[in-house]
């Protein structure tokens, strides 16, 4: 399994973990489904109540466990179901994004997007775009703990 | 010594599981072929359950039981909690035995007073079983066992039935407070020990239980004129290696995992009270 | 280890078409803790739910994972089923293998492994689920309606009729809102005042309605069933009990200022009622304008007032009240078209907005009901109406259609013809939109019977020349340049959100779209609910609306509010934050960021050496907490955690998802 | 067997020795010198006194995975780690080797021996380098460590003007020198210079201290000494005679591995039990444990104080609380007068 | 020996002894000399005799404020000598409710910048026997003679780059203020790293962090690390593994730094405490720099009343990601 890391061409598929807020982005994902839009299956969504719930440590854990990209999605600024959760996460995740880039991650590896519940198309687009970008970058070895998949 | 890494567990299988109390289960464990190892009462073993980790538990079965090892485990931490979720047939890791065990030879010819509280009966039970198996070596046996409530007493039927029926043996049960249907003593273990008024002559008291119980049992025994060399207890510490190297469980220069966990009160009094 | 049951739904072929159910089942059986796995064609059906219920009993399951449609769809259905089988409903977890999987992927090779990954994550999370209890909350049997326009009045009346007390809060001195400014209403041309005034009076006299005019919302705390609202009663400087509304004070008042109600086209006094039919008929003193307040002398009103109702010492008062439900009906503003330089608005008195033009028809309006040019008092012969001023303007204005302009323009063109028979109307439009009962007919009458010239096109420039206004535009159908020498131009300025809507939204905790119109919870299925439970919206504060729509939505909101108030108890949020006091260091950063003031410091007594020590820690009020979880991220030690979405659970999901590539 | 090699030819020697297995030697890593596996072009530094971290991790690695396991259904398969490969430790100073001897007592002599440690110890060939000059933190003189001589080394080495003189002390050492073959010239005519290395003189009176401490567990000294301690683990990690470790699992439902790694008695969690009880709950108890272990418990079991005067804790403690201060506070200067 | 500024020391002793012996406070946190003239240790002075040991020279680098976390449990009121960074640390603790202002008397000591032992040795070419400080220069005395160097050149990096040497909070200022220092180029190393390609930057950090012993000195010395239980030690959930894998090294250091967002007072104690000299300040300063750029200038610890940037927001905040 860990061989996949070294193999950029043959059959490697990126793994992208996406944290989506329940009220906007996750619902946007539902709409993408209801509207039968397609996007790559590389993206797997974890539902959280609010983008304000995203602890940067979750993102790092995903990278440790082998995620090639992490996408956080929340309500558009001003639309937070909880009024201010996405304003808070905007600050936190902006600082954090710059920090992980400073640590040597390519900017594309960690992204934040605002996707409303009515933006099924945007949801599908963002997921596709993220996947394409990560595919172009290749597997992420930074911070990946090879031990996670060494014994399966 | 074998050249095998002492930290390496061997494979063991869960035979069955008994729910003793809401938070204590007894696991019966066998090695690849019969017992994983020989041991003496009071010794311990490291059980591991991947990927959670390992922890040390006292062996509660008597060495005279050749069928399997038994562990009575209280759900207090990560490993014990994981061990509470095993199913029969599941394989776990085991290594041991660790520790000194009870001084069964020095105890020969003496009357024995066992004082246990809650899960503290676990190591005593191994010794009690051993003594019954070598009944002729020991004198009168008194067993004082207590818990918060009747529901918190472990091995209840064994204690009340088989033990009580052993010759020259008295079992004294107590719980902390009145409970419907409870016709035995009500009161804390140390008080009960005082009330029972044991005589120290030719007697050894062996106690195990929660630290606060031990503290007051020791006081009670002192009042009953037991001398420190007549009192034996076992200690619990955080341990990682079991072989006196990882540096956690020392009391002064003594490592509980290796040199303990069984100490006479006399020995303990000479050590820093960091337990 | 939990005893988890996994149930996978085919959803007909919706899931089964793209996910190999057998393979997913087989994989699920190997997840840690899974003791049973089953599938069914329609799991949400009664039979499907029974399968789950039976399995819970038969296999002694203590966790359930369903692989179905989105949790936003059926989570509650399955939770109920689990509860019926004696399981705490929060021990059930949904893997969304339809909307997030089978529907967005085309083939089984892709859909199946992803479905398995999502099921694995759900099982990993479920293993850490704790039984949760939603707190039971009391419902204060009183409603608050914010905004005294037609929507607010209607909502208040409906709630009051259902038997609940309503406080109707209006920031102006009188209720009535925009509708009170209108002369006639389309498409029936009823007199606006004639149909509105009785409603206003009814509201004022209704025993269950407490009219609170000249009041503003100062603070909203609390949550559904128990909103604690502070309302600021601005000082009127008139004792409402003594005042008889005789009008002597405003007659005698020597100072004048532009009237807001008349769009500044005429003046009012410093002590005034906004319009003659005002309810309540109690004046207010405009402190900013009043000579006494400004210069310390005058006091004519006080001297003249027969019942001695003037009270200069009056102060703003803050009234704190608890409400079970809130209806927001704060209406709209009209765009100031001066931002569009080409229309010359503000440069010439005969270039008016629709609302200003409306006032010219009104008998109590600035011209006493005569339709004349403000520049010279002559009746206009040629009037150009320009549509979509600011609306449907992607580049400079609002993307949306303001909805009412086509109709009120047709109405005004008709009214114009009736008042000034020789007048000719020209309407520049992009599209004429007349969806609504009788609307199309009405507009056609304008075009056909009232000789209104409709021209598809845009106006590029308006400028005065001699004593008329040159309107230059393009007819987009023919491509011809058009130039009209008009006497008057009426701009159908866009309806926009109230300038203070963003502040109000933040104050009461509801969110808005990018134009600051308040958001409904669902555009189709929850059109009057907001994302904040217990707060409903009605009228043009949600989007531009005409009167019938506003009234309909107001009644809908009222029904929702009444439905809420009629409940004995409400179930609160079960997934709330909780603090591990032993770890909490008491930095209270969580308190600082909590949007619901649900976190407060408490003192703790702790053993320290031989004595005790007082220590501050954070505490969550589960009734106030809405479960956003933002506090958990601000807590560096993880001492505050969110039930249902705990750190452990989310990490377990990450681990599970990443285990399978 | 004595050999000599010009210093400029050392990289060739290292290249040759690294064929035996990883060759650890002092490497300049930015601002610090650490024992690191030699690689082509490594910036080695034989002139340093003590590395920032002692080379104990050659025998007791910072992290050592000793087993993997696979889980399938109810089955558990334990897979022991691969055999330890040979290694060479070059340039270790005598004090650090004295310390290794102390670790040996715990890990090899005391029953049961630790096979992981033992194998690493046996598979490592050690080239000790005598000290030329101490740095101001060195105080090995107080512990009768001879900075010019290293017990139990396989090869003794000394820097001479422009060259390094090497003498095999064991068969392993001989084999090592033979591996280098012609790179080394005959050094039988050369003599190891007898050096008197004078380190910092704290004039610690250590005789009788362990005995004296037997009844001083509750001494008021402990109530003061710990106060400045931050509770970090620097002293234990840079101490060549500290050897505590932790055991941890890393894995998931399908399998994983178990490793041991360094741990420190200065951490609160070190002794905390599953139920939350902690026999050494505070900094005072932990500081006392560490110094008592060095000065009383270890000596009681093994007959010598567990300190070699390498000076690392004097250099690295962020608040300058070190073993010398502890000894002084406990009266180690003036034992007789107590 | 380092020649002490005897006047200053006398002044300080007088001031604090008045309060200590007068009973206003029961303990003073200050510094005493360590084994060497270039070292000092925290001093917990409770008596006149203790005060005799009190010192103030160019080696009183240890930040004392953090000790209040424990000392305030045992003392009703404590006095603390605070340099610029100690005072900011105090404010930081105050903002986190870790200390009570009324329990503390702060004695302000404007800080001339502390000297770096390694630099002294480098400049002198050996371990100096002692130094004599003049105005702006320092004379290094060795066997071989004397050498005069610019004080600035032998200061600790963290002090060279310090912008606020004067205490931002104090009850009593004991010496005359230094005045604000010229804004040093403290972000320069960060900017240089930012210029590198991502992979090189990663390689840089991977190498630097590979030395990490996980001794947690950085954390223990830090005035923003005041959790009762650090995420590192938590068993449930297990955020941080103990392995010395690069992945775990990054986890620790990125999260440690992130937890200081808007809270790091830039005192540099983490980096100074690191036994293997990991450039931790570069991580902290990256966050300081970015927060300033994104959300306006904010210097943690300067003003205990100012709202920490991660505890507030503005609706029109910029983001570090594209907000399409």
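Couple of notes before you dig in:
Letters A, B, C, D and E name the chains as they come in the text, with residue numbers starting at 1 for each one.
Everything below uses one rule, namely that contacts are C-beta pairs under 8 Å (C-beta built on N, C-alpha and C of every residue); 3 or more make two chains touch, one makes a residue touch a chain.
The model shown is predicted, which means the values in this text are computed figures rather than measured ones.
A comparison of C-alpha centroids places A closest to the centre of the full protein. Among the remaining chains, C is positioned farthest from chain D, on the basis of C-alpha centroids. The chain pair B-D and the chain pair C-D differ in C-beta contact count, and the higher one is B-D. In this assembly, the chain whose C-alpha centre lies farthest from chain A is B. As a whole-number value, the distance joining the C-alpha centres of chain A and chain C reads 31 Å.
Separating the CA-averaged centres of chain B and chain E is a span of 51 Å. Rounded to whole angstrom units, the spacing between the C-alpha centres of chain A and chain E is 37.
Shared interface positions of chain E, defined as residues touching 2 or more other chains, are 231, 236, 239, 241, 243, 245, 310, 315.
Chain contacts: chain D has residues 69, 246, 248, 250-256, 263 touching two or more partner chains.
Within chain C, the positions touching two or more other chains are listed as 502, 593, 634, 647, 651, 655, 659. For chain A in complex with chain C, the touching residues are 1, 4, 13, 15, 17, 22-23, 26-27, 29-34, 36-39, 41, 44-50, 52-56, 58, 61-62, 65-67, 75-76, 78-85, 88-89, 92, 118, 124, 148-149, 152. Within the complex formed with chain A, the residues of chain D that make contact are 68-70, 250-252, 254-257.
The part of chain C that touches chain D in the complex is made up of residues 30-32, 655, 659. Those residues of chain C lying in contact with chain A across their complex are 70-73, 96, 98-101, 103-106, 110-111, 113-114, 117-118, 121, 502, 506, 509, 511-514, 519, 523, 531-532, 575, 593, 595-596, 626-630, 632-634, 642, 645, 647, 650-651, 653-655, 657-659, 661. By the touch criterion stated above, chain D contacts chain C in their complex at residues 73, 252-254.
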